[in-house]
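Here come two complexes built around subunit A, the first alongside subunit B, the second alongside subunit C.
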Partner chain A sequence: MLWVDKYRPKTLDQVMVHQEIAQNLKKLVTEQDCPHLLFYGPSGAGKKTLIMALLRQIFGTSAEKVKVENRNWKVDAGSRTIDLELTTLSSNNHVELTPSDAGFQDRYVVQEIIKEMAKNRPIDTKGKKGYKVLVLNEVDKLSREAQHSLRRTMEKYSASCRLILCCNSSSKVTEAIRSRCLNIRINAPSEEETVKVLEFIGKKENLQLPPGFAARIAEKSNRNLRRAILSFETCRVQQYPFENNQAIPPMDWEEYISEIATDIMKEQSPKRLFQVRGKVYELLINCIPPEIVLKRLLHELLKKLDAELKHEVCHWAAYYEHRMHLGQKAIFHIEAFVAKFMSIYKGFLIATFG
Partner chain B sequence: MGKKNTVVISSSDDEDCGRPSRVKRSYEKPKSRSSFASTNPSRAKKPRISGSRSCVSKSLSNVDEIRLAFEDFNEVLNGFKVSSGSGKSNLKELWVDKYKPRSLQELAVHKKKVEEVKTWLEERLKTPKDRFNNCVLIITGQAGVGKSATVHVIASHIGAHLCEWNTPTPTIWQEHVHNSSAGINYTSKLDEFENFVERVRKYGLIWSSFPGERNSSIILVIDDLPVTTGRMAFERLKTCLVLLVRSTQVPTVIFVTDYGNEDSSDNTARWLEELQLSLQSAGASKVAFNPITTNAVKKTLTRICREEQYNVTAEHIDQIAKASGGDIRHAITSLQLSCLKPEQVLNMSLSDSAPSHTKEEANLYDGFSLPYGRDETLTLFHALGKFLHNKREAENVAALDQETFHVQEKFSRLPLKMDAPEKILCQAHGQARPIADFLHENVLDFLSDEAMDDAWSVTSYLSDADVLLASFRGMLARHNEAENILQSAGASVAVRGVLFGNSHPSPSRWHAIRKPKLWQIEQSSSRNQKEMIRRRYYACNISSLPEASVMATEYSPVLKWLGYRASCPKTHDLLMQGTDTQDENYEKMGIDDQESEISDDEIEDW
Partner chain C sequence: MAPLLQSSQPWVEKYRPKQVKDVAHQDEVVRVLTNTLETSNCPHMLFYGPPGTGKTTTALAIAHQLFGPELYKSRVLELNASDDRGINVVRTKIKNFASVAVGSGQRQGGYPCPPFKIIILDEADSMTEDAQNALRRTMETYSKVTRFFFICNYISRIIEPLASRCAKFRFKPLSEEIMTSRILHICKEEGLSLDSEALSTLSSISQGDLRRAITHLQGAARLFGSTISSTDLIGVSGVIPQQVVEELYVACKSGNFDSANKEVNKIIAEGYPVSQMLSQLFDVVVEADDISDEQKARICKNLAEADKCLVDGADEYLQLLDVTSNTMRALCNMPQEFSFES
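Right, the complex of A and B next:
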């Protein structure tokens, strides 16, 4: 088992970061019925950990007995029936799923599942707590229609089920949904907190940590706790005992993107653009989300760029990022950004060096 | 009449003509002989008609005779409305039929081709039958290049009979019901054709259908191959024809019409090609007819004008000839149409002669402004080639004009050497999305190496097009009209963006147009995603659903380092190695799909 999973806090009391939020949540569910919840915050901040601990708080250990299923739904959509296949994770009391995996048919998923859950309402041994919890991941990636249908079903079935929504950016969730939920922002842990967690794990694993090593990992991981722990484990596999100047292995796709950035800086021509496209395809094949590719690419390019170009380049990156959301095929927009960058940079080089 | 509507010109006018040669317009089965000859008052009409056109009737070939016979029939039907006194042609008659070539000189087909066919036929007819092991000639060419006309004229020239197989008319359902209640069994048209070929192969042509002329030579003509739907029917047709080629003793001519411009998704063109190849390998000879040259068309048109005494300007004829695209039948019909309204012709020739030469040339191919002209269809690749190569005039004529709208230097482009992009799109029946994908895949090859700014503007327009194309996928999908507008706007932006952005096209050389790699990428990406999520469950025991993006960016690299790969049910390599094998798989899948599609299509023809 990975350390990330092994040392994931099981209960709200064990939580090391966001302790205050954890206590509040505990109070919330012990005292009364909980409202719909919306957790948002950057990746690796601990949203999922808190949600799982919360479920355990509500339902006890039965919430941990989960099974993974590939479920098929037949949705009757007017004139035709739609077949949907989705992976769900469910226990007796909750169902977790990622509706955005269903692509543009996500709205059917949302409606259908909630309806189904509302139908077979569980009865507790004590005859209380007659509700199920539905955990929806990546709500911000839901299409607008799906969010609308979510809003409606939320109201309709609120007696029998609670929703816990989880997303990175609440700005992409419609106002209507946000107002129906208790919004809980989970901040990224600070570097000190990350270091604390790493040291805790190190102690549990009986590892000798050189001073400053955990801090370096924390710095590298960009305030992403999950990533910090993963890198920590990788370092452990790579070399133990740790050395103070041990290299922390970067993610392979990040290296690949920085390679692309170097390519772009070296030559600006349509031919090179075509090569870059091939490399971006590689990333996309491996399911690296295009937004992350673009963001990372910008990051790498900015590192090497003259200060006076930075503003313009950032502007175009933002422009094409927006386009990407509106559009359908990310590669069109990534490529347009790369082309724009090449064109700017080439002009700059000619102006500076003649 | 039976279920076969074969029209038979029977020998009712044998006596008064007494010409040595005569045409059977259709091959007829004895039992289904249907004859309207009894109602044909040809003897009564004949003298008048031949009298009115006596100069021609001397050289009347058998082809013409048929026409006359039909004319008679028409007249009967029309209640003798045609006054015999009219010197000009009555308009009921199509010029295409009226001016069918009657001699070798009148043929617009290239002399060499005619000669080739003629010598082939003569050799087969004169020498003993067993001298040649191949008795089949395939003539190919697009529609309206005079394939049939050539053979008909040659046959009458060397005095041979033509025996034609004409595909029987399709049986409609009511007819079928009626027939089956009358006890007639249905036979498919392909069966009928097979039976016919079988008979010809075994017994030669049935002489009883040519009473009294046993000594003259016969040429079998198969003009209309039965339509085959599905692979199986086509295979039957092929074997049947190959057998014919191998064993027939009668000189046989098979016409195969090329569908060069047809949609590439249609199987017919491919099958016809396959058919030709297998027939050739079985020993058939082949003559390919090219589209008729503009000059030849013009010559013919001028001749017709002279004979009809219409005054059509040379320019106008030139236009018709060019617009016809080598299809003489079409050209003649266009001519007849434009002669129907003499005043219009006048207007057009006036307006055409006024503007400058270049403008007129631009008008020539503009199918919208002309009342005739074939609407050319283009293949997708042809259209893409036009867009990508981006051919432009050497200098901007319009820019010298004061009236034109002035744009900044950097935005102005030379005029395109093609129709409006939207029109080309329409001709190619292009779907917006694939067009955009194809352009995106290929456009970078066509940019010159230095032109980075161009590359940006092209990719930027493609990105715009993508946004347009994507925006209908949600709500608007229900409203077809809105969707259509968005679709065509998206396609138009993509195409015009590519044309406008590429202001320094690289010197034109041969580029292969690739299939968008994007399609594969999308497929394998979604597959990988599923695989990855699955792997996550097996690799480590978790109690929460991982988000796909987190999986890809954080877990998988780590899992790779930690050597979890070995424990996964199905290893798959990250980055570089992974894609190649997948591509192969997909290609294989693609082929399989196609095959299964074909086999699905196999419906017994009804």
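Right, the complex of A and C next:
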């Protein structure tokens, strides 16, 4: 079992990083009722962990017995019927799904499943009606229509089910939904907190940590706790006992992008552009999301540039990343950015050195 | 065991005014509608205005007051954006409901019960244009037995032929005093204590939207118990603390790209929503008195563009970085045009 899963806090009391939020959440559900919740924050901050711990707090250990299901729906939409297939994770008391996987038909999924949940409400031993919890991931990727239809559905069925929404950026969730939920911001753990967690794991695993080693991992991991723990484990596999100056292996795709950046800086020509294109393709077919590629590339390029060029380059990065969302094929836009950068940099070189 | 559900409802619903005369702050609207209630005759109506100003409340209240609880079900059809509302619904559901004749007006149980039905179309601005066009004829044909109430945020999204068939009512944002008095009323009912600082924070973060204010209040009350401070409210509402915005602004002013970049990274890692950041940065820029109008204009133009990009789904980090760099260039009087663009 990976350490990330092994040391994932199971209850709200075990949480190490967002203790205050966890206590507040606990208070919230002890009154046997909870409002709709919207968790937002960067990835690796602990949103999912908190949600699972919260579910356990509400439903007890039964929330952990989850089964994975591939479910089919037949939705009647006016003149035609739509077939939908989606993977869900469910226990007796909750259902978790990622509606954006259904593409543009996501609104039907959301409505159908909520209605279905409302129909078979759990009844406890005293014959009182309880509620179910629907966990929706990546609500920021839901289409506008789906978000619109959510807002009324949320109110209509609020007696029988509670929604827990989870997303990275709350800007992309409509105001109407945000105002119906209790918004909870999960910030990325600070470096000190990451160090604390790493030391805790080290102690549990009986490892000898050289001083400053955990701090170096934390610094490299960009305030992403999951990544910090993963690279900690990688180091452990690579070499133990740890050495003081042991290198922390960077992600290979990051290495690759920094190579691309060096290539671009060395030569600006159509030929080089063609080579870069091949490398970018390599990244994309390995399922690195294009916006991450672009962001990382910008990061690498910014490290090597003069201040006066930085403004210009970051403007174009933002411009092409936006275009990427409007268009279909990401590669064009990344390539356009690289070409733009080459032209700017060449211009700069000519202006400075003649 | 499934936990029990208390019979608690959102305060927004609990404290929704039941009568037209209780609706806060919309004097003209209330005056016209009270008149309607007396004569029990009304035109088609179009309510528009920002969220949380009482549009839906007014429409529901007047329907209730006209028909009373018994007839309400048979006389009022409430349609909402989430109910599927394409052209098919207009053709079938609305038309069927509209065409049914009703008995002549007899007072039942003290309610006027005028001889018509009401169709309330909430969030009418998200109806498609086709659906709106299909409504035109329906409205006229059945005007004897049916009245339409349209509710929307933006009147410009209602097609002109529909708008011209209705009496329009604009709902204005609530002023601070009205808001405070409503909030204090709720606090008294719920046994909350709120100091004056928290109260003013609440009305400033909700910007005239009473529903938002009440939701924030309830959220804070659930999380933090009966004594609520202004920091609790800020935490619940998703507003970014002013200090963070100031820090970004100062970093922009310093003219150092790397320190600004660090600041942006920090904001993203803290998980603050960037759209909120943009609007708060906008406030800071507009109110700053040490920069020229031209600089402000440059910054605002870029803020608007970035906001559009965010709506299109662009990456938050890159957009904020672009805004920061642009703001820096404006503040430090660097040239607007890029020098190496070919």
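We adopt the following convention: the second predicted complex is superposed on the first by the 348 of 354 C-alpha atoms of A that agree within 3 Å, B and C clash if a C-alpha of one lies under 4 Å from a C-alpha of the other, contacts with A are read in each partner's own complex, and residues count from 1 in each chain.
Here, a contact is a pair of C-beta atoms (placed from the backbone, for glycine too) under 8 Å apart; a residue touches a chain by one contact, two chains touch by 3 or more.
Since this is a predicted model, take the numbers as computed values, not measurements.
A.B. asks: Does the superposition put A:Q57 against subunit B (first), subunit C (second), both, or neither?
C.D. replies: neither
A.B. asks: For A:M251, is the partner it touches subunit B (first), subunit C (second), both, or none of the two (neither)?
C.D. replies: So A:M251 only meets subunit B here.
A.B. asks: For A:T153, select first, second, both or neither according to whether it touches subunit B, subunit C, the two together, or no partner.
C.D. replies: So A:T153 only meets subunit C here.
A.B. asks: Report for A:K27: first if it touches subunit B alone, second if subunit C alone, otherwise both or neither.
C.D. replies: A:K27 sits against subunit C, while subunit B stays out of touch.
A.B. asks: Going by the contact rule set out at the top, does A:L182 touch subunit B (first), subunit C (second), both, or neither?
C.D. replies: After superposition on chain A, A:L182 lies in contact with subunit C alone.
A.B. asks: Output check: A:A351 vs subunit B and subunit C. Expected answer is one of first, second, both, neither. What do you get?
C.D. replies: second
A.B. asks: Report for A:E321: first if it touches subunit B alone, second if subunit C alone, otherwise both or neither.
C.D. replies: second
A.B. asks: What is the contact status of A:Q105 with respect to subunit B (first) and subunit C (second): first, second, both, or neither?
C.D. replies: neither
A.B. asks: Would you check which partner chain A:T194 touches, where first means subunit B only, second means subunit C only, and both and neither mean what they say?
C.D. replies: Neither partner.
A.B. asks: Share the list of subunit A residues that count as touching for subunit B in one structure and for subunit C in the other.
C.D. replies: Residues common to the subunit A contacts of subunit C and of subunit B are 326, 343, 347, listed in rising order.
A.B. asks: Across the complex, what residues on subunit C touch subunit A?
C.D. replies: 1-6, 8, 10, 51, 80-84, 86, 88, 123, 126, 211-212, 215, 218-219, 222-225, 235-238, 256-258, 261, 268-276, 306, 309-310, 312-319, 321-322, 325-326, 328-329, 334, 338-342
A.B. asks: Which residues of subunit A touch subunit B once you look at their complex with the stated criterion?
C.D. replies: 1-2, 5, 43-44, 48, 51-52, 64, 66, 68, 87-89, 96-98, 101, 104, 135, 137-138, 143-145, 224, 226-227, 230-231, 233-234, 237-238, 249, 251-253, 256, 268-271, 273-274, 277, 281-282, 284-289, 292, 320, 323, 326-329, 331-333, 335-336, 338-340, 342-343, 346-347
A.B. asks: For a test of understanding, state which residues of subunit B touch subunit A in their complex under the given definition.
C.D. replies: Touching subunit A: residues 436-437, 440, 444-445, 447-456, 458-460, 462-463, 465-467, 469-471, 473-475, 517-518, 521, 524-525, 528-529, 532-533, 537, 540-545, 547-558, 560-563, 574-576, 578-579, 582 of subunit B.
A.B. asks: Would you mind writing out the residues of subunit A in touch with subunit C in their complex?
C.D. replies: 24, 27-28, 31-33, 35, 40-42, 45, 58-60, 77-78, 93, 111, 122-126, 128-132, 148-153, 158-159, 169-172, 175-176, 178-180, 182-183, 185-188, 222-223, 291, 294-295, 298, 302, 307-312, 314-315, 317-319, 321-322, 325-326, 343-345, 347-348, 351
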